[in-house]
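Below, subunit A partners subunit B and then partners subunit C, in two separate complexes.
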Partner chain A sequence: MRRIGAAIVSLAVFLAVWKLVSVIGGYPVYILPPPEEVVARAARAVGSGILWEHSAVTLLEIVLGFAVGATTAILTGIALGKSVLVERVLSPYIVAAQAVPILALAPLLDIWFGGGLLARVVICALIVFFPIAIATMVGIRSTDPLLAEMLRSLGATNAQRTRLLEVPSALPVIFGGLRVGVTLAVIGAVVAEWAGASTGLGVLINIANQGLFDTPLMFVALATLAVIGLAFYGLVVVVERRLLSH
Partner chain B sequence: MLPPRLTLACLALILAACQDAPSSDAPDSAGIELREVRLALGYRPDVQFAPFYLAQREGFYADAGLAVTIEHHPAPDVQRLVADGQAEFGVADATDVMIARTSDIPIRYVSTLYQGFPVAIIGEAAVIPADPAGLAGMSIGTPGKFGSSWHALLALLEAGGLTEDDVEIREYPQFNQVDGLSNGDVHVITGFRNNEPLRLEARGTEVGLLTVDEVAPLPGPGTIVGDELLAADPALVRAFVDATAAAQAAVIADPDRGFAAAEASVPTIAEDPDVARSVLDATVALWEGDGFADGAIDEETWSVGYETMVRLGFIDGSVPLEDMIAADGG
Partner chain C sequence: MSSQPNPRTGLDVTIRDVGVRFAASGGDVQALADCSLDIGAGSFTVIIGPNGCGKSTLLRLVAGLLSPASGSVMVDGRVPQPGDGRTGLCFQQPRLVPWRSTVDNVALPLELTGVPVGERIERAARALDRVGLASAARIRPSGLSGGMAQRAALARALIGDPPVLLLDEPFSALDALTRETFNDELQRLWLERRRTVILVTHSVSEAIALADRVVVMTPRPGHVARTVEVDLSRPRPAELLGDPRAAELAVEVRAALGEGHALELQPWAEQDGAA
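Presenting the complex of A and B:
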């Protein structure tokens, strides 16, 4: 209850500061719309169905992109953590891929993968991959060596050590990576839509900003993305608490 | 570890260094006070802006009492910056001006830069239909459902008795629809007549065009100003418009002169001067259209374009045409 109260107070302060900035700055609506203007526009966007139409597509991209990216990243992170050779071979490519601005590569990825949902999921997964893979590698490497030695002396196979010891002990660190990754999935979906899409919140931002000059609608799309990011982050935290409490 | 006061002082210095230099009137070489103004352009420094470079370098603006600073911003920001007075002048698509004005952004179109509408349907010569009705069933690559490319596409479809549902739209928001066409992903694309066709020809494609001017006339890009400036200082607006038109006429009369000014202002031209020169020649043809008119606004084209934009639902007609343009250029 106290947590909900704190969240409400925090939101109220945020809205008050936003309103204050728009009033003191004297900004017109097309530069910085006040919160009530954005809320009114959101109501119209919900009523017309446009917000859900675009949000549904982005949600699907986030879920699929995060699932593909996180699964691949955890498997890769385990391999990186367990084998120095694998790390030496793969990590330069992984780090280099992370250093390349995906925004520049995304239009080409869109063409390579046929421009549909697959292309957008791939772009989203690529953005999600790095923090989760690195967190998993670090988590696996931080396994207690005494426990590992004990399992080895009991005759546990490599797969058993991974399943019974290394992955469970790495979970807190892996979840740290998943928390970062899930927020990046939201950005990944928007980047993918900016590379080529007809619907989605990234597309709605473009249409509102470049097509309609409707700044309040752009803020509605941005706020929706923020809410989606918070919701997915919260979901990861809930899963983390349930798993780690055992 | 720096003491807190020193840290704050350093932060203050860094922030102060990040501030733009304060604007002030600048003297020209003859010691006359020039009025400093900012010109907001979309896109990036490019040969197609040759008249502005020429006016800046050869004194057209200085003779008009102006010291012009050229800035580049994303296209939709140009309207907002000009409306808010953060730039005195801007260049924008006329169709975007209609929408921005209808969305309560207080700007006006004060002079025409392109007599011909620059957007066309582009593809292999063998694929391009003879008229808009021939687009039925085709897949069309376009940057998105916004901007002059989208307006021109829907105007063409309407002229051909078609709607969006009669074609397949594929969006390329990063403006890489040329790659989509070359890759065979779409039949045709929307693009600028002074850009995409040249890039396709450079790849060995025999290019065909379906233009809007003859079938669905829309006004071309031009100069915009904020309502406030237009009301407060119409003489300033007039001086800018006239100086720009004079420079543009000079480039039309002698493209070599304009190209030299662009080369001096845009270092990247040196990387491929032949392509840049082709872009300039194609751009000059668009400026001229069916006759260069020193920036004058063709009210008939605006009127037809306005009605088209209303019919297509881009604007609702609540803001009359005369509130969108200042036909006397201020």
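Presenting the complex of A and C:
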């Protein structure tokens, strides 16, 4: 109850400041639309169905990109954490790939992967990958050596040690990576759409901004992305709380 | 993967001319050198010695967690392997898995060997009952006192019914009173079922209270300085330590510990503990 109250107050203050700035500055709508203008535009976008049409595509990209990216990242992170050899061989490529701006690579990836949903999922997964893989590696490495020795004394196989000790004890750190990763998935989806797509919230931003000079619609798209990001982040937190309730 | 031998008594343990080295920052450390010890099936042996004399290393060798660089370690004539079901190891710290309930912690060894969930929980519950922890089955380790946690660890070491029980200072972190009850219970468990028990400790009185034979080790590189047979009747209550014979034995063990320190300067000095 208190948390919800705080969230409402914080939103109200944000809207009030926004309104104040737009009134004092006297900006034209195409520079900074006031909040009520954006709300009205949002109502029309919902009514005409374009908001849902674009959101549905972006949501699908986020869900698939995050699922693929997080799964491969956790598996890679486990291998990196368990084997110094794997880390030595793979980590230069992983770090180098992370240092290259994905924005520059995205058009190329779009061509390589056929320009469809697959290409966008791959781009989104790549952006999601790094923080989750690194978090998993660090988490696996931080396994209590005393517990590891205890399991070894019971004759646990390598797979049993991973399943029963290393992964569970890495979970809090892995979830730290998942929280970062899920917000990056939203950015990944938009970047992927900019590289080549005909629908999606990223596309809607471009249409509104460059095609129509419809700044309120651009704000609607941005706000929708923010809400999606918050919702997925919240979902990860809820799963984390349920899994780590001890 | 693990055979489950279940003889009426324990198994004998033979340690022959064992040497162990560890790589350390300042060069290799010789933890054990020419260490020999014969432990009879079903006997209660207490190993005592100063810090760093390789007592824990010796237990790890018997548990199969380490292989000796030279010499041999045998349990019933075979090289021990972790998970071979012949040894149960209880560490200085309880080492319970924090996200598992007490009963799930105790059932862990059975889970590793593929015992079905119903059976392993039932057996774990019985093992907990034996160490007086039945009411704590559903509690996570963070809710257990130090003594309770160590009891759970003992139950875990015992659940596979290993013929050889290895105890690495399991009571050292407990207060004196808890420790005494613990010793009583350990003795009772051993009298019920004569496993081979090897207990490592720092405490002379604990050694006298529990052992058939006290093995005194020298400082690094560790080997057996002397063994002292404890010819006191069982069960031995706590008051027994006031007994004159017990006092005599304690003096003998302390003297051997003192010699051990002297031996540090004269590594060639006579030693023949492995009766």
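Details
The rule is simple: the second predicted complex is superposed on the first by the 245 of 246 C-alpha atoms of A that agree within 3 Å, B and C clash if a C-alpha of one lies under 4 Å from a C-alpha of the other, contacts with A are read in each partner's own complex, and residues count from 1 in each chain.
Going forward, contacts are C-beta pairs under 8 Å (C-beta built on N, C-alpha and C of every residue); 3 or more make two chains touch, one makes a residue touch a chain.
Computed from a predicted model, the values in this text were never measured in an experiment.
Once the complexes are laid over each other on subunit A, subunit B and subunit C both fit without any clash. Of the two partners subunit B and subunit C, more residues of subunit A are touched by B. After overlaying the two complexes on the shared chain, residue contacts for A:36 are found with neither subunit B nor subunit C.
Touch criterion met: A:165 reaches subunit C, while subunit B stays clear of it. Of the two partner chains placed around the shared chain by superposition, subunit C is the only one that A:146 touches, whereas subunit B remains out of contact.
Seen from the CA centre of subunit A, the centres of subunit B and subunit C span an angle of about 150°, rounded to a multiple of 10.
Look at A:155: by the touch rule set out above, it reaches subunit C but stays clear of subunit B.
Within the superposed three-chain model, A:197 lies in touch with subunit B and out of touch with subunit C [touch as defined at top].
In the superposed model, A:211 makes contact with subunit B only, not with subunit C. Across the superposed structures, the minimum distance from subunit B to subunit C, using CA atoms, reads 36 Å.
Residues 28-31, 106-108, 110-111, 114-115, 193-198, 203, 206-207, 209-214 of subunit A touch subunit B in their complex. Listing the residues of subunit A that touch subunit C in their complex gives 146-147, 149-157, 160, 164-165, 168-169, 246.
Residues 74-76, 79-80, 83-84, 96, 99-100, 103-105, 144-147, 150, 169-174, 176, 179-180, 183, 185 of subunit B are the ones touching subunit A in the complex.
Those residues of subunit C lying in contact with subunit A across their complex are 1-2, 63, 65, 81-84, 89, 91, 93, 95, 97-99, 108-109, 111-113, 140, 142.
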